[in-house]
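Structures follow.
Common to both upcoming complexes is subunit A, partnered first by subunit B, then by subunit C.
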Partner chain A sequence: MKIKVNNKEVETAASSIAALVDELALPAQGVAVAVDNRMVPRAGWADFALAEGMSLVIIKAACGG
Partner chain B sequence: MDEKRHEGRYDRQTMLPEIGPEGQERLRRARVLIVGAGGLGSPVSLYLAGAGVGRIGLVDDDRVGRSNLHRQVLYAEDEVGQPKALAAARRLRALNPDVEVEPHVCRLSAGNVRELVGRYDVVVDACDNYATRYLLSDACVALGRPYVYGAVEGFCGQVAVFCRTAGSRTYRDLYPEEDAAARQALASKGVVGMTPAVVGGVQAHEVLKLVCGYGDVLDGRLWTIDLRTMQSYVVEI
Partner chain C sequence: MEKLVIAGREFTSRLFLGTGKFNSNELMAQAIKASGTEMVTVAMKRIELDDKDDDMLRHVAGPDIQLLPNTSGVRNAEEAVFAAQMAREAFGTNWLKLEIHPDPRYLLPDSTETLKATEQLVKMGFVVLPYCQADPTLCKHLEEAGAATVMPLGAPIGTNKGLQTRDFLRIIIEQANVPVVVDAGIGAPSHAAEAMEMGASACLVNTAIAVAGDPVAMARAFRQAVEAGRMAYEAGLGLQADSFVAEASSPLTAFLNE
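Up next is the complex of A and B:
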């Protein structure tokens, strides 16, 4: 199915956020994910079902000042 | 008080209906604590002092280093080696003598955070480490102070407002895993000066919105920017 990740169209077989994070080989820590402009806590990633057309934003943690 | 000094100083912002003379009076009465007088603290404090915030507290235990100067626009070459909070206070007083500047040459700790936060109305997080951010967020929850969060890395930055009301989002909602954050390998320290300029500017403006009461504050929402692509998002936390 097609979804958007950071405004780019991505073809994925991942059925959940957790699977997508694996597929994109994102680091286990230090990223946050929002679906349709709403943050999804890490604890909910495995159960969050992705669907055609969803728009995801992956945000890298930052700490510098 | 020297009336001449005020003449025209705030005209260009008070002519905005969002601010007006009433907003200016609110700014004059406002007390803002800025934690960190570095890359973010520089624009935050300069713009808030320029805007006429009545009292500005600055917390930093560091000294000015030469590698700071490309982004920490509060400081000049001949101030290398001086305590940042003191050099910053001099600069801000020179910019706007209306502002009462309170330098705190210390590190924020569990022992002093509540006493410091309690003396101000709004807290701006311009620090550079996770531990201080958790300390600040928890103190702002306990004392009911709005907490204007900002962070940068490389070309990327983010801003959010936490703890505005009792039910508001906190820094812990953004990064719930305190232990993982503490363990996280030190990220690259590389940064261009413009990243904190943009992000600190947005933080300072969130303070203006909070104090004067206009616009949609980033309450429980995270704004992010990547200056390489100019991609920007606002997501609900």
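Up next is the complex of A and C:
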């Protein structure tokens, strides 16, 4: 199915956020995920089912003052 | 020197460091070390799927370092609350530098939204350190809303112009019951020393160190300036005279002529 990650279209077989994080080989620490502008706590990643057309924001640390 | 306490955590260093504008993560890490800081800001950005290796966090994190995620990029309280939740999740800390500056030209903080966000975030359990205007009334409102510190600006972000708001900073410091951290505009160690001599609890410095010819040496210079300024404040500065009429510091007996 197709979802959006940071406004970029991504084809994925992942059925949950946890599976997607795995598929994208993201670091386990230092990232946060929001779906349709709501933050999803790490503890809920495995149970959060992804669906066609969902829009995810995934952030990480950047340099800044 | 007296230790600084924010939200129950003790800090030996009164210099906070921003991590923007360094030429490399390695240089940033060296500057952090040289500064002796125990509080370092970090921003957030969207992950680029084709560049996942860029990891600044490991150059910053350490057992003695309190990470202070900022909300840079948000335009109002609602976005700030979202950013705060993301930061808490990503970095595992409820400490937050709240900054809401919708105007890209002067990057001046929006007082209304900053106060609104502070009220909400405190209720959500965040330790909120709001970047704010050097407005004594606003700083009292932020304090009443539960802000852990207030962080009034000396001058607009990145300008290195020093304490343009000096007189208002004095009033804020006089009235505050929470630590006052002078943030933004500090461009030279002398500016930081001046803020500390005035009784500021700490200084947050980024640009002045990051863009210096030798950022590591500059970090060291700021460390000494902040320490000297604080020490002078605690020692109690002599009063400044109103006029230029001298007051002798040596005995005026004319011993050569008699």
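One rule holds for everything that comes next: the second predicted complex is superposed on the first by the 61 of 65 C-alpha atoms of A that agree within 3 Å, B and C clash if a C-alpha of one lies under 4 Å from a C-alpha of the other, contacts with A are read in each partner's own complex, and residues count from 1 in each chain.
Quick note on the criterion: a contact is a pair of C-beta atoms (placed from the backbone, for glycine too) under 8 Å apart; a residue touches a chain by one contact, two chains touch by 3 or more.
Just so you know, these numbers come straight off a predicted model, no measurement behind them.
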| item | value |
| --- | --- |
| Contacts of A:Gly64 with subunit B and subunit C, given as first, second, both or neither | both |
| Touched partner set for A:Val10, first subunit B, second subunit C, both or neither | second |
| Per-residue touch tally on subunit A - higher for subunit B or for subunit C | C |
| Touched partner set for A:Met54, first subunit B, second subunit C, both or neither | neither |
| Subunit B versus subunit C as contact partner of A:Ala19, first or second or both or neither | neither |
| Touched partner set for A:Gly30, first subunit B, second subunit C, both or neither | both |
| Touched partner set for A:Pro41, first subunit B, second subunit C, both or neither | both |
| Overlapping contact positions on subunit A, where the subunit C interface meets the subunit B interface | 6, 29-30, 32, 34, 37, 39, 41-42, 57, 59-65 |
| Contacting residues of subunit C [partner subunit A, same complex] | 18-22, 25, 28, 41-49, 52, 55-57, 60, 70, 72, 82, 85-87, 89-92, 157, 204, 206-207 |
| Subunit A to subunit B touching residues, read off their complex | 6-7, 29-30, 32, 34, 37-39, 41-42, 57, 59-65 |
| In the complex, subunit A residues that touch subunit C | 5-6, 8, 10, 24-27, 29-34, 37, 39, 41-42, 57-65 |
| Subunit A-touching residues of subunit B, taken from the complex the two chains share | 36, 38-41, 125-130, 133, 150-153, 156-158, 174-177, 180-181, 183-184, 187, 189, 191, 196, 222, 224, 231, 233-237 |
